[in-house]
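Structures incoming, each one as structure tokens.
In the two assemblies presented below, chain A is common to both, partnered first by chain B and then by chain C.
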Partner chain A sequence: MKDVELKMIERAKALLESGEVARVVGWKKGDFCFDPSPAVFETVEELKDFVYDYFCGANLSKYLIQVSKKEGKTAVFLKPCDTYSFNQLVKEYRIKRENVYVIAVECLGKLDIEKIKGNGIVGVTGVEVVGKDVNVTSAYGNATLYKPDVVLTKCATCTKTHVAKDEEIILHEREAKDVNRFEEVEKLEAMTADERFAFWREQLSKCIRCNACRNVCPACSCLKCVFDNPASGIAAKANDDQFEEQLFHVIRAFHVSGRCTDCGECSRVCPQNIPLHLLNRKFIKDIDGLYGEYQAGEESEGKTPLTSFTEGDSEVNDVVYGEAK
Partner chain B sequence: MQEVTTEKKEFTPNIVAFCCNWCSYAGADLAGSSRLTYPANVKIIRVPCSCRVNPTFILKAFQQGADGVILCGCHPGDCHYVTGNYYTRRRMALLFNFLDYMGIEKERTRVEWVSAAEGARFSAVMNDFVETVTKLGENKRLTDLRVKEGE
Partner chain C sequence: MLKIAKERLNELYAKINETMGLFIPVKKAGEVNYAVWSEGKEVSLETLKTVKSPKNIFFPQTENMMKFKTDGKNIEVIDVRQALAEKTDEKPFVAFGVKACDYKAIEVLDKVFLADPVDTYYQIRREATTIVTLACSRPEESCFCGVFGIDAAAPQGDVTTWLDDNYLYWRANTEKGESLTELVKELFENGGEAEVEAQQAATKAVLESLPFAALDLSRFKPENLNELFDDPAWESLSEACLGCGTCTFVCPTCQCFDIRDFKTNEGVIRYRCWDSCMYSDFTLMAHGNSRTTQMQRYRQRFMHKLVYYPSQNDGLYSCVGCGRCVNKCPQRLNIVKVIKTLGGNAND
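Take a look at the complex of A and B:
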């Protein structure tokens, strides 16, 4: 991954120096090796903090809504899953395609620091990935972990490839995966209504309404969100409304249905580890089953399943688990 | 010790019916003027089109204590606004399936197409729906979705 990073810095430098772009959106070093954060680089000097490693899981596409409105062109590094969010945002007229220069970068699956810590490793000072081995160095010694066990949940089932790019930086081939991303959804579907309710109540009662899932979501790009309370005086603070409080997750899942690209950011950022992707994947699975396979963000124009219909759609009462009777 | 006598009351579910102004609402009217009955616990809310029903209306009805929610509109192809009910059909198919996934049984939600001329059908649909929901019993689920037992 170091070679990819060097190549990226080299390209960012060239683009900035030539004046082709006014800024580059990428990731910069954090306080620890495992917390790089999204950043905008406007000069070559700033690039000294640029990083691209196994902890760059953040999806940069949503930042473009703001950043690409500035004067001049913006270059951005997008991983395969991020390009879907990017296309979806272009489709929804949130980003002007011609204002952005997309550099598709390889992704071999990003690591989840929480999962690494879950193995009892604290004080992580560095990681090195060799094949399926993750060699972790920490203040208390070294350990080797099995990579599939410690990748981000969204990466475990990802088979996406870049769908938007002006150029690409891909130095290593990714291994083909044979996975069913709906496995967990199917497990839930097989339970009784009581069990499902118990499962969701257990999960959703952990929510602290930090709104992180909404704020990170590229599909949640409304200027004025139903969950904002302008009267509170605190930006992005939750409403004190019982209805909204109890049904936040259901409402949000419905709002992004047909537009959610399954980028997995919501589950990644949730501090309470709520498997939010299982909500969105249910909608995705049902849409696939009822109205034909549809992947949001695959195209940057056209209609979504919920803004179109056919006369022969199945009747509501006949629909069971996404397949018509 | 004080003796407590509680009369066991029969459970009557709270049913909310969203009815389109151009068809099923008139169908309910026709049922009435034809002296056909439907249970008094069906609370009808008149909407300009089945498509006007925002999914949050359904959620709100459940959250406010409905035991079942039914949505009635014009038969596909007969929408007063030409295509409204086709969108309704997709939306509700996904929403009701999703609610079922959260643990709100599928039988508690329903979409029926009832025209203005179908007074008898309106009454039959409502009777059948109320019977189904009565069998399922009380629904407290959406209000409790984020409250764990014992808390």
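Take a look at the complex of A and C:
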């Protein structure tokens, strides 16, 4: 991964020096080996803090809503999954495509520090990836973990490839994966309604209404969310497990259905580790079943299953022609 | 000093629970938070940091303040405090397993809620609670309580406890602690001084070696307020901020709340819930919001912790170094990055 990082810094430097771009959006190193933050680099000097490693899981696409409105062109490094969010935002006219220079960058799956710590490792001081081994050093001893066990949930079932790019930096071949991303959804579908209700109640009762899922979500790009708008009549901040949390998350899932690219950021950022992506995946699976397979963000223009009508639509008979099923 | 075998802890919880409510770290759907104990719940004292701090024992994330019952032209105002006080009188609480940082955070909250005008809702719960602290034995990389003068191996509280592989060691510190000890002492035996001392020495060695052990707070003083406020670094520090409330809601010292009314069939319930200075509608007034950008909101949060609060409270910072924001910020922004950047010893 270091070779990829060096190449990225080299390109960022060249683009900034030549004046082709006014800024570069990437990741900045943190205090540890596992806490880089998204960052905007405007000078070559600032690139000394640039990092690209196994912990750069954050999706940078949503930042472009603001950044692409600034003067001059912006270069951005996007992982395969990020390019779907990018296309979707371009499609919704939220990002000015002509102002962005997309550098597609390889991703071999990002690590989840919480999963690493979940193996009883406390005081992590170093993490090194060698093939499928994740070697962790800590204040209380060392351990070797199996990489597929400690990648971000969104990475575990990802088979995405770049769908938007102006150039690419891909130095390593990615291993093909044979995975079914709907496996967890199928388990939920196999439950009885009561079991499923109990599952979601237990999960959602942990919600602290921090709104991290919403704020990180590239599909949640409303200028003012109804839940933040005192004039909406339904503004709410309270975490009330009788009503608010459940409706909040379900409404949100409905609102982003057909537009959610399954980038998995909602589950990545949840401080209580609620598997929110499963709500969205259920909708994706249903849309696939009702309207034919569809992947939001694969294209940056065109109609979508929920914003277009065809005679083959599943609801044609009962909705359009009023025939009861 | 007293001790109880680890496998008998459940008996201890049950004994306390006979006459008192017991708040304790409990694992639910994979995450550990403070919850009311009952038989069969999965207690996790070993968890270093609960997701939410124990502050919600005294200051619940959402609570009803009063009710207005309407009947024709009459409005009956129902004060819920009386019922709350009666309930807590009948069954006071024990907060069990509170870490040194979280205990210090309660001191920070007390200065806000128990100062004039007293927040009676907080006061009722606070006074009804006996706090049993638990020393840390495995602090982690995100911990920096020592920077604020907190000793993770020797927390205060009504009772202090230490846990090792075999025993929980118990020492009462206050009258409240003595009464609780009286209630449960049949389960305990004497001893443990040597084990506790050994554990404290080992913990101290780890604490000193932690990466944030030497954070420099010297620039965060009231006299530097304007200079810190105007520092251009806030722009880059906050640029990745999502404006979510994670840092504020996992923080043991954040104390802001919003009061709203909720209409029901019988009338109106006035409730309060935690608010976050990271939110766009925080302290919203008729003219709009006084802080219009995320940078301003971000700056407010850290200036409050490191400058405003201490300037009003004899230099006491309202950060206790628990490191929850370090662990939980979705984009990995946190108070340590602020302290390092503005405190003068940036990450180099």
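Following the convention adopted for this analysis, the second predicted complex is superposed on the first by the 295 of 325 C-alpha atoms of A that agree within 3 Å, B and C clash if a C-alpha of one lies under 4 Å from a C-alpha of the other, contacts with A are read in each partner's own complex, and residues count from 1 in each chain.
Simple rule for what comes next: a contact is a pair of C-beta atoms (placed from the backbone, for glycine too) under 8 Å apart; a residue touches a chain by one contact, two chains touch by 3 or more.
If you're wondering where the values come from, they're calculated on a predicted model, not measured in any experiment.
Contacts of A:202 after superposition: both chain B and chain C are touched.
In the overlay built on the shared chain, the residue A:173 is in contact with neither chain B nor chain C. In the superposed model, A:45 lies in contact with neither chain B nor chain C. Once the two complexes are overlaid on the shared chain, A:268 sits against chain C while remaining clear of chain B. Once the two complexes are overlaid on the shared chain, A:63 sits against chain C while remaining clear of chain B. Contact with chain C, but none with chain B, is seen for A:140 once the two complexes are overlaid on the shared chain.
Of the two partner chains placed around the shared chain by superposition, chain C is the only one that A:211 touches, whereas chain B remains out of contact. By the touch criterion stated above, A:123 is placed in contact with chain C alone, chain B being left untouched. Shared contact residues on chain A (touching chain B in one structure, chain C in the other): 202, 205.
Residues 29-32, 35-40, 58, 63, 114, 117, 122-125, 139-140, 202-203, 205-206, 208-212, 214-216, 224, 228-230, 235, 237-240, 268-269, 271-274 of chain A are the ones touching chain C in the complex. On chain B, the positions that touch chain A within their shared complex are 55-56, 59-60, 63, 76-77, 83, 86-87, 89-106, 110-112, 141-148, 151.
Those residues of chain A whose C-beta lies close enough to touch chain B in the complex are 188-189, 193-202, 204-205, 207, 242-243, 245-247, 250-251, 253-254, 257, 279, 282-283, 286-287, 290-291, 305-306, 309-311, 313-317, 319-322. Taken together, the chain C residues at the contact with chain A in this complex read 28-31, 33, 48, 51-52, 61-62, 138-141, 206, 209-212, 236, 239-240, 242-246, 248-250, 258, 260, 271, 273-276, 279-281, 284, 326-328, 330-333, 336-337, 340, 347.
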